[in-house]
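Listed next: structures, encoded as structure tokens.
Next, two complexes with chain A in common: one pairs it with chain B, the other with chain C.
Then we have the complex of A and B:
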């Protein structure tokens, strides 16, 4: 610690350059924080999926609709306790930018399977008894200033009304939250009733996009999934059944390998940063050769000189990394409001540890060449300005 | 005669520039007694700074022995030599060589960071050194806020703060006007006479050399004349 003022002073030698370099590093870590938060949020959906829920879709595509009769057959299989037909409504509120997920579900079965969705019993009952009823997540209600009793006009993106027209009006009968506040991002959605949706839509009547089944014993989920698919094998509507976690992971993969995309972007950013920061550190040491020679003259050993220059790089990158993460923490709420379903964007502890690890590695890579040069300085030559 | 604190025997120093071998110091013997104030004089290229660097442990001889304070420093490793310098030698340069980003007191503290002294003890030593050179009131100033003479006084405080055996000064007044140079030389003389510091000073200036107790003239890498001042 006694050398800290010396390291700190060295960073302050050319303040504009240090500040600009620090900002470059901070921006890289801002990206690191934001992209990792997105990645964590994407994966969190799969991680927190119920182990006792199965999702059955068309065998070849999630867009392949399944006849409603499938629900009865799945329900009759031993080990299945309930089945909920579900559909993707795919509309928007007032403006296309106001997009959030909307699902048509079999209300009682669905809410019975998702105890993580919590709402007052009175509102739940109102949903069960109001055909045009809708439930929305608290985060959405807050965003659009909705309250129970409001009529919410939704512009259909896929499903026009039977009588023509694209505006579906739902009665907001309840506002739900999640048992764990961390799950809010995953449940930022609107639920409407499947029976009303099925009757009122212009086409596709008597079908569902997918079925969610609850199994009695999670350990039998794999066996049951095979049993469901075997039930519909060689029929015109073959199925593919996965655990909800596998289904969510597969769905994410259709969007792309988020982890790989993020790693590639960050790799490019940090690779560029290596040259920028490395060049700055080199220049900084080059300018200070006489000063470093004086320190060596005073008795500072070669390893100590190496440590001082590495310490300088480490201090700069650590401060900048923390600044970048702090900036990310401030920016994430507004980013989350632009990304429906990802309202739970936060900087997690593993992200902070990862960032600090990257900062240490970065400082070592950019600091080592100038530190070695400083360490190997010949005092006499350096004092003579050679 | 006092005990020799610096003793050089058969010391040579050669440099190689391309294929050319340059003999900077011819075989050379020298004894400097404890408490001496020696002025090394001679024309440019005569080898006086090279000799000073060998005595100060900044460079190693091509051959011969260099004993300082009873230790053969020509056989020390780079690390051991650095540690030896921090304990036994204080350096004063022509252009002060202070760290511009640090205040006067932080510059003076630099050698003490290598010791096991506490922060409070270091602060006490620094204050004492700055008082000795007459700059107790400029401790917080940065080198750019000091005059040349004041900056050189800070450099002298830095050189003596760790209480070294030997002060090595390379043209300490070369960048100063006559009046300021006299003040600096007077300070060095005081350190020699009242604090018993052994001083080896390289200078071109005959007036500066008059402050020393002995003068030693060099030319073409040889000692050619030694004299004592009255």
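Then we have the complex of A and C:
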């Protein structure tokens, strides 16, 4: 540690250069932090979703509709504690571009099996007693400036009303948040009641898009999924049942390999950075050859010189990496509010560890060649060179 | 004026000729900017390819008719009576059989795994008729044969067949109510339909127990006939339906994803650009510092400040432009024509598309590179011109 002032002084030797180099490293880690947060947000929903919940859809596609009778049959299976019929409302608020998911659900069953959704008891009861009631996520309420008591007109994208009308008006009876703020992106949605929806829609009455069931023991989930599908096998409405986790994961896979795209971008960023900083480090050591020779003359050992130059690279990279992550932390909240469905963007601990790992690796790659060069200096040549 | 131009040329030429002796530091600018431009062009070429695939779908003289208020084919429902109103509307062209050339189609989704994977993907099943080739002359069977009316047979779009497993001729694919046989492959000039599989509309109605279409696509007598056709439909009190020109509809279905990738591409390019700018500044400051004596000498023998400033900026610009061109070229070599398939949330279905590195993207890349180079050269050049000549000459 006693060599710290020496390393620090070496960094301060040409301040503008050190600052510019540090800033370009910081920028790389800013990107690292932001892109990783996006990647985490995409995967997080799938990773965190319940293994004690099953999703039953039509065998050929989630877009098929299933008879409502399926709900009773699934509910009667041993090991299933509750079932909630769900439908995709698929409407929009004012403009098609205002996209957010709206689900018609069986209110009590649904809220009962999603403890991650939290709202005041009074608002929950209001939802149970108001047929035209709706709940929205806090992030949505903030975005569209909704408050409890508002009437929200929704344009039907799929389901017109019985009379042929296209505008459904819901009473906003509650605003929910998630128990863990990180879940916000996953539950950025509007909930309406399935019973009212089913009765008021022009066609499709007596069906549901899919069923979510809660199982008593998560360990039985796989067996129960098979049991449900077997129950409806060879019927006109065959099903496909998965744990919610597997269901969400396979849905994410449909988007393509987001992780691959993000790591490709980051690969290019760090490769570029390697060039920028590597060169500066070399240059900085080259300029200091006489000084290093003096240190050696004073009795600094070869390994110590190596360590000093490496330490310099390490210190600069680490400080810059932390600066970059700090910038990302500051930028993310405003970015998240612009990206529907990604309200939970944050820097996670693994991201920080990853960044530190990359920083150490980076400092070795760029620091080692000049450090070796400094270590192998021949004192006489180095002193004479000047 | 002429003499300062000469000065600029001679100093710049001297600078540029000396680049090889400072190859390492000069490469920093080239590689740094190549990285920025490469990433930007690659990301934007993804957005461009997706946009072009959707925008190239359909023709101006064809209209797609959906339920009023629905956003896309999947969420639209048209009962037979509504479809009949469309067929009878003014402006619909007659087919070779003398009947209105318009087809009521089913648009469904079925789960198909990608090649080498097992998880399901939303692939479009379009229920149509054999007249589809008269309605969409850009489509044609390139392998096997067309499906037989009323039979559970499938013709697969070329892109769908390449991206997804089990869509080769002879394979069985789950459509509705059990497996259907693939009997042919069609191409459609690389548009959206190539990501679909087509089946007989009546066979699909039976298998899915559906009685209504999703949409009707109509050939109009001419592109100009659209307004009259649309007005006739929207003013018809019997139906609530909407008509759109095909290209408008399909282009609108690329908005969200396109915006997302474009925003990502530009954000990354801007942030990376700032990082590269710091690198460029570093390099140019160093370049100026190592040549401070030369520059001071030039100024001492009568070269003006202007030519010195401009020559440094030009050097930076040349290096940056080289980086921009290399970055664009790398993006072109690695990504142009690369095919991927993703879920288009606006149609809830898989669309295969190619990355397209177009000339305008390459041009954007070079412009971006030059902007970085310009700023990267500006401040160091000002410093070069400001250092008192005597100090600079003494500093050695």
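Everything below uses one rule, namely that the second predicted complex is superposed on the first by the 335 of 386 C-alpha atoms of A that agree within 3 Å, B and C clash if a C-alpha of one lies under 4 Å from a C-alpha of the other, contacts with A are read in each partner's own complex, and residues count from 1 in each chain.
One rule holds for everything that comes next: contacts are C-beta pairs under 8 Å (C-beta built on N, C-alpha and C of every residue); 3 or more make two chains touch, one makes a residue touch a chain.
Keep in mind the model is a prediction, meaning the values are calculated, not measured.
On the A-aligned overlay, A:6 touches which partner chain: chain B = first, chain C = second, or both, or neither?
The first partner, chain B, only.
Which partner chains sit in contact with A:162 here, chain B, chain C, both or neither? Use first/second/both/neither.
Neither partner.
For A:290, select first, second, both or neither according to whether it touches chain B, chain C, the two together, or no partner.
In the superposition, A:290 touches chain B alone.
Could you say whether A:298 touches chain B, chain C, both of them, or neither, answering first, second, both or neither?
First partner only.
Identify the partner contact of A:383: answer first if only chain B is touched, second if only chain C is, both if each is, neither if none is.
In the superposed model, A:383 contacts chain B only, not chain C.
Based on the superposed arrangement, let me know which partner A:72 touches: chain B (first), chain C (second), both, or neither?
A:72: touches no partner chain.
Compare chain B and chain C by how many residues of chain A each one touches, and report the one with more.
Touching more of chain A: C.
For A:99 in the superposed arrangement: first (chain B), second (chain C), both or neither?
Touch partner of A:99: chain C, not chain B.
Tell me the contact category for A:182 with respect to chain B and chain C: first, second, both or neither.
A:182 contacts neither chain B nor chain C.
Can you list the residues on chain C that touch chain A in the complex?
24-25, 27-28, 31-32, 34-36, 38-39, 43, 67-72, 74-75, 77, 108-111, 117, 119-122, 174-177, 209, 240, 255-256, 268, 271-272, 274-276, 278-279, 281-283, 285-286, 340-343, 345, 348, 350
Would you tell me which residues of chain A are touching chain C in their complex?
Going through chain A, the ones touching chain C are 16-17, 20-21, 23-24, 27-28, 30-31, 34-35, 59-63, 90, 92, 96-97, 99, 155-158, 160, 164, 166, 203, 236, 240, 249-250, 253-256, 265, 268-269, 271-273, 275-276, 279-280, 282-283.
In the complex of these two chains, what residues of chain B are touching chain A?
Listed in rising order, the residues of chain B that touch chain A are 53, 56, 58-59, 78-79, 82-87, 91, 93, 97, 99-102, 106, 110-111, 113-114, 119, 158.
If we count contacts the way the header does, which residues on chain A are in touch with chain B in the complex?
Within the complex, chain A contacts chain B at residues 2-3, 5-6, 9-10, 12-13, 290-291, 294-303, 379-380, 383.
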